[in-house]
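In the two complexes below, chain A is the common chain; its partner is chain B in one and chain C in the other.
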Partner chain A sequence: MKLVFNYLIFPGFLFSAVVGLISGWFDRKLTARIQWRRGPVWYQNFLDLIKLFSKEIIIPTEAKFTFFISPFVGVCASVIVATMLGRVLVNPSESFIGDLIVLVYLLVIPAIAFILGASSSGNPLASVGASREMKLILGYELPFILSILTIIIKTGSIKLEAILNHQIVYGSHIASFSGIVAFLVAFLCAQAKLGFVPFDISEAEQEIMAGTLIEYSGPLLALFKLTKAILLYIMPIFLIVLFIGKDTSLKFLFLKYIGLITLIILLKNTNPRLKIEQAIKFFWGPVSFLAAVSVILALLGW
Partner chain B sequence: MNLKLKALTKSIWVFHAACSPCNNCDIEVLDLLTPRYDVERFGIILAGSVRHADALLVTGVPNYKTAQRIKKLYEQAPKPCFVIAVGSCACGRNMFRESYNSPCNLDEIIPVDIYISGCPPKPEAMIAGIVKLIKKVGSSKGY
Partner chain C sequence: MLFNFYPLFKLDRLSSFISLFIGLFSLLTIIYSFKFMQGRKNLWQYYILVILTFVSSVGVVLANHLILLLVFWGFLGLLLYLLINIEENSSLTAKKTFIIVGGSDCLMLLGIGIIYYLTGTFQMDKIKISFTTSYWLLTNISYLCLAAASFAKAGAMPLHSWIPDCAKDAPLPVVAYLPASLDKLLGIYLLARVSLDLFIMNKIMNLFLMLIGAFTILAAVMMALVQHNAKRLLGYHAVSQVGYMVLGIGTGSSLGIAGGLFHMVNHAIYKSCLFLTSGNVEYKTKTTDLDKLGGLSKVMPITYISCLVASLSISGVPPFNGFVSKWLVYQGLIEAVGSSQIVYKIIVFLCLVAAMFGSALTLASFMKLIHSTFLGQANNSIAEKGYNDVSWQMLLPCLVLAIICVIFGIFASQVPLKYFIFPVVGTYTFLGIWSSGLATFLIVLGLFLGIIIFGLSKISLRKDAIFLGSETKALPSTRVSGTEFYNTIKELDILKTIYLKAEKGFFDIYEQGKTLIFGIGKFFQFLHNGILPTYLVWCLLGIVGLFLIFH
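Presenting the complex of A and B:
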């Protein structure tokens, strides 16, 4: 019973969706203020979702079965991540050995759902988007896992509870040399995972229209928008747990979340879109180098 | 006004369907979407794909080639989908009425919900038109 409640309501589906949608509004509002306009009302994203759920689903004749299931796969994976992170933050003893590894796996699944849905839709622009998303995953996974490896070396554990406890005892990881380098790397990778502007190559609206989402309409599109919203909630929380988890009381958690999300939005609004080869060069070049430096620093004990 | 209708009228994603226009109306449509007029206040966003669209902003005179295209485009959009005829050409073919390459009016191809006249219409006129569309949709039972 408690498990069902956890997955469907409190740290799971309903809570993460509401927080994600409100964060999505925060993103749109802040973007609007940066561009000197007023921006939408706070419930705009909820209206968008209700509207999409009430619209018609169009399934292309060439679409495969995976076209229909991949939005559900994306939502389910992100809800499981949200539930695991939320439960650990509420009660650290709910953590189990290896849950960090599970989270790293589950965080890739939404992107894979996008690829699966796009490549089964039979649209050439969607397949361009899918191939770009695939290349982007290859690009950012290496530095992302290296930066998580830094944390594992520093704490000597793959359990979220141990990582949080280590930070409570020795201070946040971001306060050390290796920690801040790893944080920088993980932050850039989170930007790519969220599909925000310097790395929104797979959905580039101006060149390949909506890329991976091009054939989706109505409720299926709404599920993908929901996946993006939940990702916008879980990525900053994941970074907070790994890097700045010294004080996870509600007040500080909220402030850290708002701070991180503001940084993400500012990065989004002050950068142009990269080309796919630039993005891969960026991730496999300087970012991977930084990640390797952070691993070496962690091994040296800094 | 029920919730579904409210959500629909408060979050209209528009698709810019250029139907052989002379480009003036398109420039004005782009002006409408700039920060100066800020239509995102009302939930209006430019959608890249017609599958995401709730309204087609059609500019220009349908000719033999684009008449079929605009019909296909309307069929590809998920319903309910509105059609907004922007500019005198889309409203009633303007000076191209007798032209050799123009078979029929836009509203003989697809059902047009609102006509915004002007050559080109100002962004203010388009906002006024969209407000009228929202009022019309809100008061009707058909959608």
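Presenting the complex of A and C:
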């Protein structure tokens, strides 16, 4: 029963969705201020969702049943990840469901949901979006794995609670040479995982009209928006658990979270969109090199 | 009963669970063939060959005498040749397969001879050779010979090149039966038997296995990414996944070995499922060319679901079975790091990265397969014909295999690991945690609640054409086929040259060997020009040579 509570209310679905939506507002507000606009009220994202949930759904004639299932799968998988991360932060002495490798694999599921949903719609633009999303995954997965291996080398364990406890005892991973390089890499990968500029290639509104999401409307679109919101909550928390987990008291957690989100939003607002081959070259070239450097530094014990 | 045959045959835990799966795959293949092979000539021949394959595979697994093992092994190579030949126009592929597999049989004979020389016995449960004896060179050669035989059978690089060709040309049930499932079981069985029982592994041999495994994973999956034919794509994946098994056994830690063996079983399950589903597609549409397919999921829903489950399994998406075995292999690698020098550590980490990244590449190429076969825009010529799904004889094996994928994934530690893998490698503690049952329960609960709320809230649905800006209808010219998905990757600088070389067969050991042998042949052709004076000159030179030697 406690598990179901964890999964549905705190730190699972309800909590992560609310925090994610408020973070989404923070994103919109900050973007607006950067562009010298006023920005929306804090509950704007909730209103948007409620509006979407009350609309009708338009189904393309060629849609297949995975078109319906994918949004649900996306939400469920991201909620599982949110629950895992939340539980380890609340209580760093017990583990829940999976370890770091499981987490990395679970984080791919929302992207798979986007791809399958888009492919099922039968729209050529959605297919283009799906192919770009998959190529982007290929791009960032290599440095992402490397930066996570850095943490595994430094901690000597793949359990989340061991990683957190190691930092509580020996200080945050970011405070070492290998740690800070790996953090940089993971941060860039997080930006790509969130699908934010400069890596919003699969959705490129001006170019392929929201790509993967083009055929989605009403509640199904709302579910995908919710997935994105939960991801916006997950990725900074994930970085905190892996790299800056020394102090997990509520105040510091909040400060770190706000700091990371601000960084992500600033990066988003100061860059143009890349082309997909540029993104792949960027991730397989300089970023993977940095990540390899961090692995070697970690193997040397720095 | 079986005990009477003891010195020749032996049933232990490893061989018993592998024979069980050999039986399962034989049964499913025969059921599938009833419909698929219907109406062909010489069907009695086909079924006899399938049953003989079954019998000799069980023979290989149960044999406790090296010569007996070799006889069954060679017999399997011959059967594979005959089975591929059942399809018309496949004799070249059959020849290639026979040469590679048969050639590795010769190596195996050499290896067995050396083992007999070293130990004086053929009885497998009495042999235990260490690499540190004074005969280290002979030991190494014999181990490498046996490993090469298992690589050729299972399809690890560099002896893999018969599998993609065979996947494309051979009759489909044969592909699903032999290269996809049975040959993996047997090849990895031999590798496990040799590495775990016959020899005491040392670090260098472990490193060798790991490097072969990691290289196989990456190289084969990169080739799979750019294929245009569904069966060839699957064939390259049949090569790539062998890498995980070899890698797992190469780690030398019991976690890794468990992962390797479990991956072998899992691979046999989902890969034969994938081949069978592509057989369903071929049966209906008469093609497996990905450019010509598309949008089939509406007309073949059950095939689509089985294929989707198997694809997610092979890509290592939790909670399916492929994830569990990959997860075990990764843990084995992480455990193998813990020990020694920095060079060893770096190589093991390279292998780990290759394995984890290979799984992302696998996902990519299966998204392409799913998109271009079942999803995406339907090809007009296919859409007009109005197909329906195939008959139950062909759906049943696919569904059974897909269900096993799910069960082995969700109840991994309750069913397959407990009954099949643990007894072989002994119990151990995991480095990480993965409660797949709980995770699946939560995901299913979420889906269930979501769909209930969705159903109760009476949202209105409306069907409409897809939105393409000003167009109201998707034109055939705007159709995006999955085969174009990864063209940008194919065009990247370094990869481009490698792909070009690979398409010309530069990395194919068979093609290279062919050039070499034909080159030698040309030299002799040049000598034998049929002109008498030339032969006389050769005779004279020979006599002079003999004089000089025996002077």
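One rule holds for everything that comes next: the second predicted complex is superposed on the first by the 299 of 302 C-alpha atoms of A that agree within 3 Å, B and C clash if a C-alpha of one lies under 4 Å from a C-alpha of the other, contacts with A are read in each partner's own complex, and residues count from 1 in each chain.
Criterion: a contact is a pair of C-beta atoms (placed from the backbone, for glycine too) under 8 Å apart; a residue touches a chain by one contact, two chains touch by 3 or more.
Quick caveat: nothing in here was measured; it's all calculated off a predicted structure.
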(message) With both complexes overlaid on chain A, does A:215 touch chain B (first), chain C (second), both or neither?
(response) both
(message) If we overlay the two complexes on their shared chain A, which of chain B and chain C does A:44 touch? Say first, second, both or neither.
(response) first
(message) After the superposition on A, what does A:101 contact: first (chain B), second (chain C), both or neither?
(response) second
(request) State whether A:9 touches chain B only (first), chain C only (second), both chains, or neither. (result) neither
(request) Considering only touches as defined above, state whether A:299 meets chain B (first), chain C (second), both or neither. (result) second
(request) Mind working out whether A:72 is in touch with chain B, chain C, both or neither, as first, second, both or neither? (result) second
(request) Would you sort A:112 into first (chain B), second (chain C), both or neither based on which partner it touches? (result) second
(request) Using the touch definition from the top, say if A:35 reaches chain B (first), chain C (second), both or neither. (result) first
(request) For A:124, decide between first (touching chain B), second (touching chain C), both and neither. (result) second
(message) After superposing on the shared chain, does chain C or chain B touch more chain A residues?
(response) C
(request) State which residues of chain A lie in both footprints, the one left by chain B and the one left by chain C. (result) 56-58, 209, 214-215, 218
(message) Going by the contact rule set out above, which residues of chain A touch chain C in the complex?
(response) 3-4, 7-8, 13, 53, 56-62, 64-66, 69, 72-73, 75-77, 79-80, 83, 95, 97-102, 104-106, 108-109, 112, 115-116, 119-125, 127-128, 130-131, 134-135, 137-138, 141-142, 145-146, 149, 152-153, 156-159, 209, 214-215, 218-219, 223, 276-277, 280-281, 284, 295-296, 299-300
(request) Give every residue of chain B touching chain A within the complex, in rising order. (result) 3-4, 6-8, 10-11, 35, 38, 40-43, 47-49, 51-52, 54, 76, 78-80
(request) Would you tell me which residues of chain A are touching chain B in their complex? (result) 28, 32, 35-41, 44, 47-48, 50-51, 54-58, 205-206, 209-210, 213-218, 221
(message) List the residues on chain C that touch chain A in their complex, please.
(response) 295, 297-298, 301, 304, 308, 312, 316-318, 323, 327, 330-331, 334, 337-338, 342, 345-346, 349, 352-353, 356-357, 360-361, 363-364, 367-368, 370-371, 374-378, 431-435, 438-439, 442-443, 445-447, 449-451, 454, 457, 459-469, 474, 478-480, 482, 484-486, 488-489, 491-492
